[in-house]
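Two complexes, one shared chain (chain A), two partners (chain B, chain C).
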Partner chain A sequence: MGDYGFRISEDGYDVKTCSDLNCVVTSKYPLLKGGIQGTGNISATAPAVGEPATGTLTIDHNLGYIPIVRIFTISEGVYYEIPETVWGGDFYFEIYYEHTTNNQIVITASSTNYIDIAFINVDLIYYISFEQVNI
Partner chain B sequence: MGDYGAAVSQRGYDVKSCADRFLIYSSAFQTLKVLMKIKVTGTLPLTITHNLGYYCPFEVIAHNAPNYASQNWKRIPFSDGAFYNSVNARCYTDRIEIVNGEYEPEPSNSYTVIIYLDNFSDVTERTINTGSSVGSYSGDYGFRISQNGYDVKSCTDEQCIFTSKQGFGEIIHKKGTNTERAGQCQITHNQGFPLKFLAFQKNIYESFITPMVRRGRTTLTLDGAYIDSSYLYMGVDLGDGNYSNDYDFYYIIFKNKLN
Partner chain C sequence: MILFYSKITGDIFATIGGRVHSDKQLEMSIKTSHLSDEQVGKYIIGWIEKDGQKIEYNTDKFSLLEEFESTSLINPMDYKINLETGNLEKKNAIA
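On to the complex of A and B.
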């Protein structure tokens, strides 16, 4: 194919001669495309001291392929990205992780406490990009 | 320079007056550009050459996770309570390496590596609109550019370089590198609400960056990268209540509101 395309340069750069790095968009490279976003919650209580409190949240995206997924947990006004692991001294432990299928995302949160009944109650926000991963 | 440019808003928002975070695209802001998306298979370590000459944002997604049941198709590093020991990825100025953890080596596996063209040169924050307005138009509309070889009228959204159909933008609010090496750093974003971010750390004695993940102690410091309504915080917990001074931090803060 011949020369073709579409590009917009950053302020101060000549769109005809600047590098791709100085473009805010160029049809030579796909932009990361946002797709679906939403919120959710996982809550669970452990059956006994030393046992994990584990909960899952399943999100249907129904894209038919594996997309890029980014998930953040919310705790006291602070936002962390999953995956996360948190220790509290030698008696407390939390993990957060996700896995993705062609139509769903499954987020797992688990907390274990060795001196008390563990519980978990976490709010989440997720972003699913249209970018396909299973190539 | 005078007023100029192109912008596309989310469906239902007035492109001329909506808050920046409701834009899908704006030429006033940068957006991550996908340099390459590649599948690699084999026994670790695996190397993917990019030859950009600088550190770039990247993501690595494992197709399978044999050591971690039911965790297929997930970003690395894995969360297993021992990040130091799990599969991780390193970005050098010329390549990405996917490397084994020390204690739990992965058998042969496949990974999708996404490398962005962008670098971590400073982009200062800029706000054009803070208000929001919701329109009522819901008919057919839009703007799309297909990838080379795809018919823009019939290809899927995933085969587009850009489509206004996407639900949210990946617009960059601010990016840069922090080399103060003074423990935990705080990057102001001045938006008044938490924003989506990407963060990488670089040990000053190494020549690669790795994704920042939280694996800290709740009773001591808040480890890794996290954000609130005022700052993006980045720090590497030493495990004794202090942060290491041996790290530089590479970050991208997006316009997306987290709460």
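On to the complex of A and C.
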């Protein structure tokens, strides 16, 4: 097979000689074929003051490989990408994180409050990018 | 859109976006730490693709789906499934 493909360079760069970094598009590398997005909510209440309120949302994607995932918490219309921590003085904090396997994405939200019962009620939006078509 | 809800309370806790869903998407599931697999229900608005055919689900709720997809602040979590009727309703509309 010959060396073939296509590339589009950024403005001001010669598409025949510029580096890949100066390309808007190049077929040299695999492209993501599609994706899916959705929303979720995690809510939980701590059993006692000083103990964490922890909840999880598990997405069984069953793709058989680890996809590229971006997850955001939503607060008053603003998106915050996780992992994320929120501190409220010396007595309160929240943490959001995720781990992804070949078949699952597990999103965890946890809040601890040292002067009151902690609770979590957070809305999320997630984006999963696929490497394969026919999803 | 596939809405995932608690079969105990009817509360919606997650969604998968889209209008036409393939088998692969239908095989995906979402659960929370306080519900078992059996306690999670699915409510579909749109179509599923099966054997080359599109099967319709709850398309009377299509305008609501468009609201969910828009950038407005109408959130599927503000709705729930009425466990008696199986209908999708705004939370405060259910007694």
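In this text, the second predicted complex is superposed on the first by the 109 of 135 C-alpha atoms of A that agree within 3 Å, B and C clash if a C-alpha of one lies under 4 Å from a C-alpha of the other, contacts with A are read in each partner's own complex, and residues count from 1 in each chain.
We take it that contacts are C-beta pairs under 8 Å (C-beta built on N, C-alpha and C of every residue); 3 or more make two chains touch, one makes a residue touch a chain.
Note that this is a predicted model, so its numbers are computed, not measured.
In the superposed model, A:77 makes contact with both chain B and chain C. A count of residues in chain A touched by chain B and by chain C gives the higher number to B.
Of the two partner chains, chain B is the only one that A:87 touches; chain C does not reach it. Residue contacts after overlaying the shared chain place A:36 against chain B and chain C alike. Of the two partner chains placed by superposition, only chain B is touched by A:97; chain C is not. After overlaying the two complexes on the shared chain, residue contacts for A:49 are found with neither chain B nor chain C.
When both complexes are overlaid on chain A, the residue A:117 reaches neither chain B nor chain C.
Touch criterion met: A:62 reaches chain C, while chain B stays clear of it.
Looking at the shared chain after the overlay, A:10 reaches chain B, while chain C stays out of its contact range. Residues 36-37, 77, 134-135 of chain A lie at the contact with chain B in one complex and at the contact with chain C in the other.
Chain B makes touch with chain A in their complex at residues 1, 5-6, 24-25, 27-35, 37-39, 59, 61, 63, 65, 70-75, 77-83, 112, 114, 116-119, 145, 147-148, 157-158, 160-163, 166-170, 194, 196-197, 213-219, 222, 224-229, 256, 258-259. Against chain C, the residues of chain A that register as touching in their complex are 36-42, 44, 54-62, 77, 123, 134-135.
By the touch criterion stated above, chain A contacts chain B in their complex at residues 1, 6, 8, 10-12, 20-21, 23-27, 29-37, 65-66, 68-70, 72, 74, 77-89, 92-93, 95-101, 106, 125, 127, 129-135. Within the complex formed with chain A, the residues of chain C that make contact are 2, 12-18, 22, 24-25, 27-34, 73, 75-77.
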